[in-house]
Amino acid sequence: MSTKLRVTVWGENVHEKKDPVVAKIYPNGMHGCIAAALGTDAQLTVRTATLDQPEHGLTKEVLDNTDVLTWWGHAAHGKVEDAIVDRVQERVLQGMGLIVLHSGHYSKIFKRLLGTTCSLTWREAGEKERIWVCNPGHPIAQGIDKYFEIDQEEMYGEPFAIANPDEVVFISWFQGGEVFRSGCTFKRGNGKIFYFRPGHEVYPTYHHPTVQRVILNAVHWARPEGSRWIDSAPNVPADKAPEKIVARGPALHKPGEAGFH
Amino acid sequence: MSTKLRVTVWGENVHEKKDPVVAKIYPNGMHGCIAAALGTDAQLTVRTATLDQPEHGLTKEVLDNTDVLTWWGHAAHGKVEDAIVDRVQERVLQGMGLIVLHSGHYSKIFKRLLGTTCSLTWREAGEKERIWVCNPGHPIAQGIDKYFEIDQEEMYGEPFAIANPDEVVFISWFQGGEVFRSGCTFKRGNGKIFYFRPGHEVYPTYHHPTVQRVILNAVHWARPEGSRWIDSAPNVPADKAPEKIVARGPALHKPGEAGFH
Amino acid sequence: MSTKLRVTVWGENVHEKKDPVVAKIYPNGMHGCIAAALGTDAQLTVRTATLDQPEHGLTKEVLDNTDVLTWWGHAAHGKVEDAIVDRVQERVLQGMGLIVLHSGHYSKIFKRLLGTTCSLTWREAGEKERIWVCNPGHPIAQGIDKYFEIDQEEMYGEPFAIANPDEVVFISWFQGGEVFRSGCTFKRGNGKIFYFRPGHEVYPTYHHPTVQRVILNAVHWARPEGSRWIDSAPNVPADKAPEKIVARGPALHKPGEAGFH
Amino acid sequence: MSTKLRVTVWGENVHEKKDPVVAKIYPNGMHGCIAAALGTDAQLTVRTATLDQPEHGLTKEVLDNTDVLTWWGHAAHGKVEDAIVDRVQERVLQGMGLIVLHSGHYSKIFKRLLGTTCSLTWREAGEKERIWVCNPGHPIAQGIDKYFEIDQEEMYGEPFAIANPDEVVFISWFQGGEVFRSGCTFKRGNGKIFYFRPGHEVYPTYHHPTVQRVILNAVHWARPEGSRWIDSAPNVPADKAPEKIVARGPALHKPGEAGFH
């Protein structure tokens, strides 16, 4: 690991180019806005990557040099190539942090790591969202008051069809009457995963200082802490067993032969 | 749910036909042996399904009428069609129990539900395995002493690259010096999942009465308990919000339009 | 286990006797109201127990014959004797279900099983509470729509200082703007624990049919499933080890001597 | 938090003074041996505290200035005053790390945080223990090979009656045939807790370089990461609610009155 934490901000970058409302709010893309906010922290080196780049900007070299990846996608989840999803998953299992934002709940990588559909209910009415802190001492909640508000947001409501999270850090209250587990932590392999709800593209959510603070906190929280263990299902032949044993009985594999994968 | 618990025993059924050692131990297939053991319980209706059948024997009709599915595969994980894996996953999320046996740790369905590689170390030396009960009061451990032994088994050793289990019910001690989390519970959606380690095909493991007892206990433990919730990401239009709100600001979707998936 | 599920409804029974508002709503005590609701299920045998009875009505004989215990207390948590709390904890670890209601979050037994302070924020303003189902397929949520409302309730708000729950089944939305994890599951030993938020004594909450339904569902969900394992830290002398070993080196204990507790 | 991580090594210090075998192995006490090993890390400031000191050496001032506490006790768990256990628990919930060693499984503080009996089986025969790494990428397992061995140790065997751990980092294989979850992580409040099995006082276990390495890794892993949140069950009066509401209906408490604890 370098001395600085290396962050890659991934953005789908579709609506920013097609939809004038979105383009006006995010002239440098949503990824550009998020990267700029993270870039104010001198402990981080931040780069961006987008769907339209070769390998979606997530080459092996880029991911090998990424400590934490943030992910925003919405309209084009299906266009993300499976081979790239494989590569991201492998790095998460090795310990790379992953911050999944808003509509990224339906991204291939999030569904693959959780094993569930990740569905929810929704409404696009520009209503008020109040996000409550469930654990004020949690690293991701530092510098935030008891709650913060976003004046206009899309509503996401329960049931949120996720695998049970390790911890619920935020829960949202919506003006229209719904609630949602808006900040959830998970671990897969050695990768720390944080899902954070806000961020509908037609509102200036990623310009909101508290939203930026949460993402920054989450990036630090999700930093890799151990080594990059590459698991490989190694065969341990009988003569290399920790205790002395003599192989006996029938066998499917010849000594030293690889197993089925 | 019918009054009887409906169990489908899935078997890859490859080595039973190719390898004379396996064929001799399991003349009716490993699935046949497991199904016969479960069939002695009058509370169950048991059927089998195998890879070589149309749709691998797991048609929509079969799965719709399955409360608990057991899964054994080894050499041909890659031949299981993704569409069938999708179907099994959907039923697990709806509440169907899933018992994954031995080399099924590398099956597509287990890896998909867990989100990890599920790798481990292994040795085929016909050594002794002693399986310890970590929680004698657990339903899956009923009728079993402090431990039970299998005279000859393949060794599976840690690290076992799984998502953290909800509970570890069994841990194995191997003569050659390794250990393994041999009985682990998970939940995805409303489906209860149990991984149970023993069952290498060249040994008569599924004839072992205690192994049969564990699988029977697990089938009962994994029975569906709630309803089959079909999640669907419904839109809740502003005029149907629980609290009266007026939509305001820009929007990406027209009222009533479906979201992106 | 008898063929019927044996439920004991424990009530503090203090405000019902002191406060005319409470007495009017619950002339037979809150425990009486809850017990009557559960009593309509022919699969249950229901009895009540209260603080003012000898041993708070929770004698060894009563607890030995209780499959699921429900607990409501508020003003007199400190008057519950530690010896009785020990006894309840022991039975939970053995597999007795425990349903903790409303202000029972501060009961000795709940705090002891969770290891945390279980604090929260609160407001007594008779405001509307809307309780959302986070997992419609969960056994505790059966027969309930997407949400249900209680016209007047006390507000409990996050942060709720609990150990991370296994699953969050319900989340509340309050008219005053707060949210709360209102239905949480835990497991300690073999005992299933469910915390359910509603039930402030000055409102007729336990007369609400959906609240009654949730408690009934939870009682069924929390039923004991395995055996009553009594853990005892047994010594296994060297000559009784599963593998033949010869004791060597210094020792603190003489052979067969009990360990420190 | 100071720039250095402040560690307090707590030792019961009973057998070191009474038993000549123990005194010879640990002339400065077991706590002295552990503190010396941790003291080689320039990132730590290490002090010790023992049962026989006033307030067991754990005054409010000491705990307020402790980031991570390690705990070894065996013969005198009952002599630890409840008021000191309260104080340690409060600091753990605030985020202080806690490393519980060997027979500390029966300490008041560990049982209180877990809510279970923490019992196990045991044998004092000086047998070989082989400790396997379940997750080689975990921070606590860094610098350790696939396994390490301790030539002579007390056996601890399953069932280990703990609340389900967040992660199992180590599992032990014993020469006499047992297994044990030897390295387990938990979280209560914001405190990270690690239980580590080895360390029977009649063997030189805490002189073992790999055992020292694990404790050092665990101390770094358990460092506080967020703020010291003091939860306090605050009342939020109706006129301070985030949404405008008017209190209605009966009430138990007068406006602004404290709740029951």
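Every chain is named by a letter (A, B, C and D) in the order it is written, and numbering of its residues begins at 1.
Following the convention adopted for this analysis, a contact is a pair of C-beta atoms (placed from the backbone, for glycine too) under 8 Å apart; a residue touches a chain by one contact, two chains touch by 3 or more.
Model, not experiment: these values are computed from the prediction.
S.K.: Same or different: do the copies subunit B and subunit D touch each other through matching residue numbers, with over half of them shared?
M.R.: Mostly the same residues.
S.K.: With centres defined as the mean of C-alpha atoms, identify the chain lying farthest from subunit C.
M.R.: A
S.K.: Once you find the CA centre of subunit B and the CA centre of subunit D, what distance in Å lies between them?
M.R.: Roughly 35 Å separates the two chain centres.
S.K.: What whole-number Å value describes the gap between the mean CA coordinates of subunit A and subunit D?
M.R.: 31
S.K.: Which positions in subunit C touch two or more other chains at once?
M.R.: In subunit C, the residues touching two or more other chains are 130, 135-136, 157, 159, 164, 166-167, 177-178, 187, 189, 229, 242.
S.K.: Residue numbers of subunit B touching subunit C in their complex, please.
M.R.: So the residues of subunit B touching subunit C come out as 94-95, 130, 135-139, 141-142, 147, 166-167, 187, 189-190, 221, 225-229, 242.
S.K.: Considering only the defined contacts, which subunit B positions touch subunit A in the complex?
M.R.: 15, 19, 21-22, 74-75, 77, 89, 93, 103, 106, 112-117, 119-127, 152, 155, 157, 159, 161, 163-164, 175-178, 187-189, 200-203, 229, 231-238, 241-243, 245-253, 259-261
S.K.: Which residues, counting only subunit A, touch subunit C once they are in their complex?
M.R.: Listed in rising order, the residues are 130, 132-136, 157-160, 164, 166-168, 171-174, 177-179, 181.
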